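Shared between the two complexes below is subunit A, which pairs with subunit B and subunit C, respectively.
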Partner chain A sequence: MEATLPESGAVSGAPPRTRVARRTRSRSARDAWVFVACVAPNVALIIAFIYRPLISNIYYSTLNWSLGDRYATRVGFGNYVQFFTGSDAGTILGTTAIFTIATVGGSMIIGLALSLVLNQRLIGRGFARATVFAPYVLSGVGIGLVWTFIFDPTTGALSDILRGLGLSAPNWFGNPHLTLLMVIIVYVWKNLGYCAVIYLAALQAVPVDVLEAASIDGAGAWNRFWRVTLPLISPTTFFLLLTTILSSLQAFDLLYIISPQGYGTNTLMFATYYQAFQASQAGYSAAISTILFAILLIMTVIQMVLIERRVHYR
Partner chain B sequence: MTFRPGVRGLDRRAFLGLTGAVGVGAAVTACGGPIVTKNGSGTSSTIKPPDFSGVKPASKITFWTDNPGSSQQVTQQIIDKFTAQTKIQVELVTAGSNYDQIAQKFQTARVGGGVPDLIVLSDVWWFRYYLQGSIIPLDTALTAAGIDPDDYVPTFFNDYRYGGHQWAVPWARSTPLFYYNKNHWRTAGLPDRAPMTWEEFSEWAPRLQSVTGRTGAQHAFEYTSSVNTPAWVDQSMLWGEGAALSAADSFKLTIDAPEVVSVFQRIQDNIRVHKWAIMAGSNEANDFSAGAASATWGSTGSSVGIQKTATFEIGVGFLPGGSKVRQPVCPTGGAGLGIAAQSSPAKQLAAAKFIAYLTNAENTVTFGEATGYLPVRTKVDTAALRKANPLVGTPLEQLARTRSQDWARVFIPGADTAMTQSITQICNSGADVHKTLTQLQETVQGLYTRQVEPKIS
Partner chain C sequence: MTASILQSPARPVSRRRRLNRSSPAGYVPLILSAAVIVIPLLWMAIGSLKTSDEVVTQRLVLVPSHPSFAAYQTASELVDFPRLFLNSFIVTFVGSLVKIVLAITSAYGLVFVRFPFKRIIFLGILVALMVPSQAALLPNYTFIASLGGVNTYWGIILPGLGTAFGTFLLRQHFLTLPPELLEAAEVDGAGHFTRLTRIVVPVSRPTIATVALVTIVTEWNDYIWPLVITNSQQMMTLPVGLTLLHNTESDPSLYPVMMAGAVLVVLPVLIVFAVLQRQIVAGLTQGAVK
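Presenting the complex of A and B:
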């Protein structure tokens, strides 16, 4: 049976168990305040710079509002209806899907292939690793500008090479499919170094004894890779899939520099910018970015729930 | 160990602190964003020209520019002279690298704070600022600054008139020109002049194309790249055929009219059927300077750059006329200066005085010498300008034949970029011209209905 606590003070007269309980509660309260003091600044920043804009954005998506205008009208779900019933939705969602699948697939597959090569004992391996990773740390704007010169159909280096080979130089900037292809090539070139380096770290962590055991059991190079290495690096694959999808869906700098009008490259992210700053439709832009947010959220949840089950953590 | 924050630790002081924090958070959340009204009312039409009687100019103003024509140095020199004379400091802020970027920053600043007092505004942006109530009508400011509107080139000045008020003053103004490579012209046996009409050029172009093996050119002509707002110059071809993007001085769209379709069909045929033209990949002026195209059209603002980089003799001429209208078929372009509505009257007055100085007869020539832009005043001595830029004579003479642009392009927010996309589809993807222009008309009509009509009706 628990002793009755005195109103105040007289702790010294209380039984030992009660004193311990009170001290524990006091420490809990103190810990709670320490926790609040440590966490509050970060939570406040997250609220101010993540959740508040997010909520504001959802609110703006219900307005017919021209950016910079002091006045707006409420349109409810009008902007969403406009997006899904207009010609925009098919083009924007299609472009987004193609760009995301191609860049994520390209970066990961080529990155894995490169990491397998870079994991071998080769002369100049360190230099090769640095070279592969270098584009990832370069500025997207700078890369975009350089590749714009390279792809220029009249005076570009690539056009000169093609003409030198007797081939005609395509107008990369004039055909929407070619413009999208051009942006995908540049984006994959820039980002595959990231995938290669992460995969390389994962490959170096694969236990050699497991691979040797597989060899002794008669597994060839392909089987060792497919049945041993790939499952063992699946947590890395899962991590890369998650991060590269999120990164591709939010890609903007390269798209803007290479095709400032969004011709052929009008992804959800670009359309958000274009509608707010070029077409001055801030409300409509907010609706598109809310749709992008919903897609990112759904894809992340799907990946966390479904795909992670297939990942083999050691 | 499980962590359980207890309410017992929350005393009165802590409770008040938390309440205060929540209050501040709520206040922050409530900040920003537009005022929601039933019909989006509250436009510039409700803003009256400020009364400057008794107002003394401020001692410092901020000027946002994108330094058109690489003008930072010459603008700063003019500012220094202005400050020495008036003691008014002008802080020159490079707020973007082109008109769109500066416009984006200005619109964002309108919401977030920190707007400048004076801003550069291009032909397709100033009307948006008017609709948003971002700029003031300048009528009283011009009077207070001693500016005589009659001193300005009328087409340039009148470009910024709407609703009986003046909303900006011309500054870095330009017109398009026809540029040609005299060496290629000679090789093809053509007379040393620009074509008088597009019909004439369509006879010359195959001859130019047939000698590309000797000239090194790839095409006889390059149309404006999608990066450089092709609709601006394309209006010239439309006007030559008696067509337009919208009826004169109105928002009645005529983008899908048969005459417009016919002009764009001809452009598409020149590229895809006759193959003597191409839409520039990134910059037609650069391609022309490199000798890759025998001719192109472009802003007078490009003339200084072309002369610096080209290694051949350059010819310039008026934009060719059409089968129905020979002149005027030259659109005005470039940028003007506007004063922010959020500035104090003292700063607005100081900004107006600076506009008067920056665009006076002497400085408009100094600016033109350095950049290639045209003088915006009528009573100017162009001798120095002609000496600095031998090509400037033609655009100066062409000034009398300019025409203000169609409202469909310059007054409807986002219309120009929509037009760029459609023109690119027509030129490069072989899109059905009629279908594409019908779709464009619907798009631009939608932009007008949503963004312009509620504000001006």
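Presenting the complex of A and C:
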């Protein structure tokens, strides 16, 4: 429509053409202002509070500095050297890896199993779907508190039940491995509904005729699942794998509520908080969060490349 | 009978066949998985109605013998719950409102207003969706603290206002609107403001509602930022105030009080979710990155 206007002006003579051109120019200038008014506040906020911190963090990570101090000393890569040569690299990276792999694997596998249950035409499956998703939207603090109550070694419901069965109740808070296991269980419980609902949508998009064809060819339910359904929903598996890794790496509130000192649960994210706001080592915290960011960046790039490829395939 | 067979298309028949195939045994895992989710939440509610004695015993008390709201009262004496609730409400309301308005205007600008470099700007917003906000904790703290934002509402709200998620979701929706809708209004001489408020917003109400719901729930549950930017009880949000209850007292007899606090933080979201679960699930699974 824009292109036809000047042309028709040209046919009827020169003066209208310039008038139209002027009008178009003034309108596009006005449009530019409208665009700036619409988009600039949001973009400014995103730059100030999402992009700028990434650069600040890299700068802070070269300082020996604690929060509230007016002066800091430059240490170059000292904080990174401290991290990788000390015992922290092993424990923090190890804890992060165990927590991430266990929570991602747990919520995806249980989520997939659950989506198969929810995909059957049963009465009340809509209610079950909503119920299973509910913990995902609830406050991690509230959820953390209930599970602290349930796991309490002397007065908790789980301990009462275990004792009732004649078993001994472990002290979940006294052993770092058990504390980590407990946090993993709670995290999976809170997040598996997300995986289940996304898998459910994928399952419902699997064409019925393909499954029926496989069935006619003599494939049993087991074979149909492994040979037909699972390959067909593999893009969803990729997507979930990367999104859940990203959120597991950033998990904080459950960890902090269940184990406030990071005993057994000292992940990169937890250490970022703890070193800056509890241990007065802001520079060291910045180095840890820069390492965390580097890992997240790699994950995001992998995700983008994979999505790109998926789009090209179609 | 023959007529009904002829009329019914192939699909319902195959569906019925599949329906028959799912046996009643399928109910066992369905009920089991719902129970695994419901029981801990129920336990929270029951726990909040118990007395300290019923919690301290090593015997499993399923139903409190004298259910009472005493724990809620004790909780209110230990921390100022009305104040925490008010803080959470203000932060959630103001934060969400601004975020939604920013998301609508940004998406409108990106879709309907002519401007060079629009693609690059959109890409910048899209990438922000993938940048972990958690890694920004320390620099945002030093920045807000230097502006005097510790223990203020604006200090809690401001860093979270930039919205990549809402902008992205609304932009995708605006792109699906028929262009004729706006061209007609433009011919009639309607300016951008009129087009936005009279046409785009009214026809996009369901998507805006979805974005709004997800934003409200996220703001209400937000924890790590309010935790670091507040240290006075007067300015804490509900989840942060609850931590106070948990950290200062490790006495098991206080569990009913903690459960009462947990119920207060979880219940509003649970009620909203019960009523509007379709939109919330759709919103959270669409913009699945954050």
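Here is the rule we go by: the second predicted complex is superposed on the first by the 258 of 314 C-alpha atoms of A that agree within 3 Å, B and C clash if a C-alpha of one lies under 4 Å from a C-alpha of the other, contacts with A are read in each partner's own complex, and residues count from 1 in each chain.
The rule is simple: a contact is a pair of C-beta atoms (placed from the backbone, for glycine too) under 8 Å apart; a residue touches a chain by one contact, two chains touch by 3 or more.
Just so you know, these numbers come straight off a predicted model, no measurement behind them.
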{"item": "Partners on subunit A (subunit B, subunit C) - clash or fit", "value": "clash"}
{"item": "First, second, both or neither for A:Ser87, with subunit B first and subunit C second", "value": "first"}
{"item": "Partner chain(s) touched by A:Pro260 [first = subunit B, second = subunit C, both, neither]", "value": "both"}
{"item": "Contacts of A:Ala279 with subunit B and subunit C, given as first, second, both or neither", "value": "first"}
{"item": "First (subunit B), second (subunit C), both or neither touched by A:Phe35", "value": "both"}
{"item": "Partner touching more residues of subunit A, whether subunit B or subunit C", "value": "C"}
{"item": "Partner chain in contact with A:Asp152 - subunit B first, subunit C second, else both or neither", "value": "both"}
{"item": "Subunit B versus subunit C as contact partner of A:Ala214, first or second or both or neither", "value": "neither"}
{"item": "Subunit B versus subunit C as contact partner of A:Leu162, first or second or both or neither", "value": "neither"}
{"item": "Which of subunit B and subunit C A:Leu54 touches, first, second, both or neither", "value": "second"}
{"item": "Residues of subunit A contacting subunit B in one complex and subunit C in the other", "value": "28, 31-32, 35, 44, 47-48, 52, 56, 60, 67, 148, 152, 154-155, 260, 277"}
{"item": "Subunit C-facing residues of subunit A, complex", "value": "1, 28, 31-32, 34-35, 37-39, 41-54, 56-57, 60, 67, 114, 117-118, 120-122, 124-125, 127-128, 130-143, 145-150, 152, 154-155, 157, 159-161, 163-164, 189, 193-194, 197-198, 201, 208, 212, 239, 243, 246, 249-250, 252-253, 256-257, 260, 269, 272-273, 276-277, 282, 285-286, 289-290, 292-293, 296, 300, 303-304"}
{"item": "Contacting residues of subunit B [partner subunit A, same complex]", "value": "3-6, 8-9, 14, 21, 25, 28-29, 32-43, 100, 103-104, 106-108, 110-111, 128-129, 131-134, 218, 222, 225-227, 278-282, 286-287, 290, 292-293, 413-414, 417-418, 420-421, 424-425, 427-429, 439, 447, 450-451, 454"}
{"item": "Residues on subunit A engaged by subunit B in the complex (per definition of touch)", "value": "25, 28-33, 35-36, 40, 44, 47-48, 52, 55-56, 59-60, 63-74, 87, 148, 151-156, 171-176, 260-263, 274, 277-281"}
{"item": "Complex contact set, residues of subunit C against subunit A", "value": "14-15, 18-19, 22, 26-27, 29-30, 33-34, 36-38, 40-41, 43-44, 47, 55-60, 102-103, 105-106, 108-110, 113-115, 118, 121, 124-125, 128, 130-143, 158-164, 167, 183, 192, 217, 220-221, 223-224, 227-228, 239, 242-243, 246-247, 252, 255, 258-259, 261-263, 265-266, 269-270, 273-274, 277, 280-281, 284-285, 288-289"}
